[in-house]
Amino acid sequence: MVADAIIPFEKDPRRTLHGPTDELRLEMNGVAREAGLMSPHVAEKWGGLGLNHQERAVVFEEAGYSMLGPVAMNLAAPDEGNMHLLAEVATPEQQEHFLRPLASGQKRSCFCMTEPAPGAGADPSSMKTTAVRDGDDFVINGHKWLITGADGAGFAIVMAQTREGDQDVGATMFLVDLPTEGFRIHRLIDSMDSSFTGGHAEVHLDNLRIPAGNVLGEIGAGFRYAQVRLVPARLTHCMRWLGAARRAHDIAVSYAGSRIAFGQSIVHHEGIGFMLADNEIDLHTTRLGIQHATWLLDQGQRGNKESSMIKVHASEAIYRIADRCVQVLGGLGLTADTEVERIFKDVRAFRVYDGPSEVHRWSIARRLAPRSNPSSP
Amino acid sequence: MVADAIIPFEKDPRRTLHGPTDELRLEMNGVAREAGLMSPHVAEKWGGLGLNHQERAVVFEEAGYSMLGPVAMNLAAPDEGNMHLLAEVATPEQQEHFLRPLASGQKRSCFCMTEPAPGAGADPSSMKTTAVRDGDDFVINGHKWLITGADGAGFAIVMAQTREGDQDVGATMFLVDLPTEGFRIHRLIDSMDSSFTGGHAEVHLDNLRIPAGNVLGEIGAGFRYAQVRLVPARLTHCMRWLGAARRAHDIAVSYAGSRIAFGQSIVHHEGIGFMLADNEIDLHTTRLGIQHATWLLDQGQRGNKESSMIKVHASEAIYRIADRCVQVLGGLGLTADTEVERIFKDVRAFRVYDGPSEVHRWSIARRLAPRSNPSSP
Amino acid sequence: MVADAIIPFEKDPRRTLHGPTDELRLEMNGVAREAGLMSPHVAEKWGGLGLNHQERAVVFEEAGYSMLGPVAMNLAAPDEGNMHLLAEVATPEQQEHFLRPLASGQKRSCFCMTEPAPGAGADPSSMKTTAVRDGDDFVINGHKWLITGADGAGFAIVMAQTREGDQDVGATMFLVDLPTEGFRIHRLIDSMDSSFTGGHAEVHLDNLRIPAGNVLGEIGAGFRYAQVRLVPARLTHCMRWLGAARRAHDIAVSYAGSRIAFGQSIVHHEGIGFMLADNEIDLHTTRLGIQHATWLLDQGQRGNKESSMIKVHASEAIYRIADRCVQVLGGLGLTADTEVERIFKDVRAFRVYDGPSEVHRWSIARRLAPRSNPSSP
Amino acid sequence: MVADAIIPFEKDPRRTLHGPTDELRLEMNGVAREAGLMSPHVAEKWGGLGLNHQERAVVFEEAGYSMLGPVAMNLAAPDEGNMHLLAEVATPEQQEHFLRPLASGQKRSCFCMTEPAPGAGADPSSMKTTAVRDGDDFVINGHKWLITGADGAGFAIVMAQTREGDQDVGATMFLVDLPTEGFRIHRLIDSMDSSFTGGHAEVHLDNLRIPAGNVLGEIGAGFRYAQVRLVPARLTHCMRWLGAARRAHDIAVSYAGSRIAFGQSIVHHEGIGFMLADNEIDLHTTRLGIQHATWLLDQGQRGNKESSMIKVHASEAIYRIADRCVQVLGGLGLTADTEVERIFKDVRAFRVYDGPSEVHRWSIARRLAPRSNPSSP
């Protein structure tokens, strides 16, 4: 489906440096809907296919085979993670209002957590955005950036440090219908990656007034819900970008088999062939790691450590693959004439998104500290 | 079992630079036998536990947690691979004569394929050893080296290019009872690794006369049987050395949790903690790769490509782990005071044994060539 | 000079994805001219400063500190290499006509060697473009691509396989005044890098008629001249991009000293600090390698091997630096808000330009073959 | 000289796992003395050649071409660093008594700083050994290990935290004639490397009584002198081991040129050739870095940062070279049949000795912190 139906859209001029336009998105959604492949990760009651995590691993990788596939099938970030979060945490009324149109592709959404320095980045605890209780409402002020999909979103999930009276009650998530006064797109940020609808925006929140009924889950439980969202969201990133890496690899393999240099097709030069062999190994171990982690989730386990490990392995393996594909293609790999160049730039971001490798390594290492004991080895 | 019963033997002086002595081996076999854990990979009719490949993955990793464990449980190379080969290819009489005492630990064996330059190494097709038909016998002449376990072995499997009349009929495997005239241990070779009973020998074959009834399988089918032996043998190497890597990691984690430098235990220095995190990732992806490949074998698939990929990944990941553990331990890691030093040296060999990484990468790349097509990407 | 005078132009909107416009270039040239820093590598008779190779190493690195610096000071590729080539090989008349306006910044130029598959890429011997003698002229037909600066160039140096009568006389270089009939810019190619004036073009050569007087040097000596051009051109790439890497590093160091996460500025997290330390080491060894190779050139040596080694080391070290800087900056590093993102994309190309790493490694290895001898070690 | 005169000693049975015996050392010293090459780094007044740092870089690399060369020419660690320290800090009487016989090769020495956990390792400030003033003497108690050359040494330099009255006055260096009561070799430690005369010992200091006249330099200035010793000692390690790496590389190149596999000599397989090319690059950049740092020292600069950078680069590059050589040699590389196996094990230690890579990276990064400023990039 992806190869046949979506790849042709890759040359569509409505694919901009800030992602596919909504017009293009809706057109591709139509194709996916007709194929019965919209929102496969969502429960059937919301119009999806109700796939479990292991099944998603297969389908999302296929979707990712085109950088447009996840948008077409409505399983791209941040919407996909938001759907998961709403299904887990939102009230039935909130689900009806926010989740249903999101699951059908009628609306897009965004997730407003990251802030520019000195605010919340890899360390979310430095969040500067505040929500202050004012009667039945909360009034939110702050500055968010790298907010994927904010431009054109139908609603936002906004995270803010919350104060009731003179008490700090922790970070809270708020559901915000868009557009609305007080939520202002300051600019679209030029960035290395270019496949998310709506691009990445810088957002100013100025006295944004939200009724208490739009709190998502419990007040003060924002960081807990962020984890609920992040563990699977991290894995779905792995799945989609694994598909992209496979695409880049297939392009490189095809090229290496046909391009002649120094007397033979370059796949027969070990300098090239070994890169492709390493790609195969990286694709394989990444896929196994994803399958294992999704199996854990389907068993009802949290899989925090395993998803951290696979996030690091996948993001770095996928990046190595894309980098090798550029090198195999040579000059061609530096041009937009194949998808490899775009994939390379897009997956570079993955080593930063969803927690940079350094934060995951730190968290994996921290788990090892209690295992230590004072007796010498 | 390994941790409690075998680790104490690690300080035994009968552990030499050419591996544990047979006396030590037999003593440890007794411990394993009592625990009901001898030869777990062998069919019950030969005295084993009849584990399938996936089960072996678990048990062999545990055995490998001590470098002496595989010898103790009679699942070390080359015996373990030879048992597999004999079970697959030998006649019932040959099995009774060769396999039964091998499976019980009564005898050891060796596998004589590798030759010094310019003979058969990574490229087995350059084999120089010859077997010439002489009536009902074959007369073998040649020069083998790096023959693990030859010194003290009860029998050998010898590979030789075979000639009948004036015709070259390909490589053949011969079963050779030892000791015997014509099979001479020229010397034990000093080598980086030191955990194989009998060490590695250089062997001269001088007019070694073998009756035709001692041909293993068909004449001329030697390379085919070598594959039968190698695919699972490659995986069992991965399993055992994964256990060794885990051991080294556990020692490093324990040390890093107790050693104080610059004001805190060194596990809290990211320079150390990140190495340990990478160890965790490498252990994890290696284990998943092994489990997947053994599952393929249990399904009746050949798994050639997958076992090649995992051999490369495992041997390099395990080596990285051991190398990082040396570094975490600092000066201590350079001494024989912990097992890490020995593990480091032993696993360095794994990147060469069972086909060096370069040969596997070449073979993985070669599989990609037919996928290519002349149309541009 | 670069930091103060050129960096402000980096936010100029005339800096496009296909490089700075000629208007911007000329404006910056004016700044450089006023500072007495135009074309420092060119002999004084052509209006330059006559720096030797070692001096260029210092000045070009400084110029590269802004991606606009080399254009501003008229020492960017491909013009800089073309100036060198013309100074070495052209006749006095050709120098007056082509070199003088190039050295003064009045004209730009391009170098037409690379072709799309199946033509000349990393292996220039597969060149498909032909020049056929027709009386006093040559008629050139072919297809070139990735021709940097072709769009807007005042002249081109075109390489073509040459035939006189029915004899193939080898590759020849031709000087082509632009614009001219028969030299058609087919399109500008979207590419990863974006700092060369005129971008990269695909060029069709259709019965391009060139008088014999416009042959550069001798007929059939094209590949020899390509070497004359490439050895120093390779080094000047190293110099300029070393400056860019230092710029990225300085931005990352500054950020790491001010950005707080998990309780301290991130430079104090070893996960970040070690990346910056590795940057320092890579900058240092790259600079030493460049200085050594330029010293060889100034001694009159050819330095082919040394420039190959440093090209590989520099292009890979510079790339690692840029990649680490992206990672240190985290989300910010993925945006165009700092120069790091552009530097990262630009220097990725360096591992391909001027011979991909694989071709250089192959050529370094080939030099080792004759040293071997048949006696064993 | 090294190649011709010293390499033959490599097969001498007096070369043990704890280094060459003193008998072998003295025999080789005789060869070096006859060639006029003993102690080239020492001033002529002490019988040396008075080479400056840059000259040493050349000579020490040559000496290191055999792992026995540094011992033969009396420029091995720890003696060489001790000679430098005595020349810089000792009184004329101390120089006459300790330096003269050391420079002539009559005596060996050791440097007692490192302690087992929880004492002084990579972080020397955790030193547990104490020296307490008792009248005109100091009484030293402590536990040292990895003390290279202690077994058989004619004297030791011992570092201890010093107390006068009830005051801690800092670490002090003491000169200790050996053998003496109170300085006990507890055991020789089995270790990865095997080229230092006397091996590495564990030493117990029990009420070791030293007259105040044997204090080296000032009381309490021990760490300062350790720096005086370490900066050049670190570089001489680089020089000697660069020679060893070159030796391993030459062996690998020779083998790769003669060993045939899959139809051609393996140097022509890119999988092998690229490793050798990377060796060439690593040898080259390491040599340049050493030459630059020694030039700084000869200029009278301290070169702390540069020697740290080159220590990290050299120790890791040299290790990569040795590792690749093992891989190129395949099975042969795992045996003691060539020097490569020993070189591989010896240079592994270099990433730990003289400050592990992690400590140097940390110190390089720390220097970057002040450069940062709070304004954003």
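As written, the chains take the letters A, B, C and D, and residue 1 is the first residue of each chain.
Here is the rule we go by: contacts are C-beta pairs under 8 Å (C-beta built on N, C-alpha and C of every residue); 3 or more make two chains touch, one makes a residue touch a chain.
Just so you know, these numbers come straight off a predicted model, no measurement behind them.
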**OP:** For the pairs C-D and B-D, output the one whose chains share more C-beta pairs in contact.
**Re:** C-D
**OP:** Compare the CA centroid of chain A with every other chain's and tell me the farthest one.
**Re:** D
Original post:
Measuring from the mean C-alpha position of chain A to the mean C-alpha position of chain D, what distance in angstrom results?
Top reply: 51
**OP:** For chain B and chain D, let me know how many angstrom lie between their CA-based centres, rounded off.
**Re:** 37
Subject >> Separation of mean Cα positions, chain D and chain C [Å, integer] >> reply: 43
Original post:
Which chain A residues reach two or more other chains?
Top reply: 117, 255, 258, 269-272, 274, 358, 361-362, 376
**OP:** Spell out the part of chain B that touches chain C in their complex, as residue ranges.
**Re:** 117, 269-271, 274, 376
Original post:
For the complex, which residues does chain C have touching chain D?
Top reply: 251, 253-258, 265, 267-268, 270, 272-274, 276-278, 280-281, 284-285, 288-289, 292, 306, 309, 312-313, 329, 338, 358, 360-362, 364-366, 368-369, 371-377
Original post:
Across the complex, what residues on chain D touch chain B?
Top reply: 114, 116-118, 121-123, 126, 145-146, 189-193, 200, 255, 258-262, 269, 271-272, 326-327, 330-337, 341, 344-345, 348-349, 351-352, 356-358, 361-362
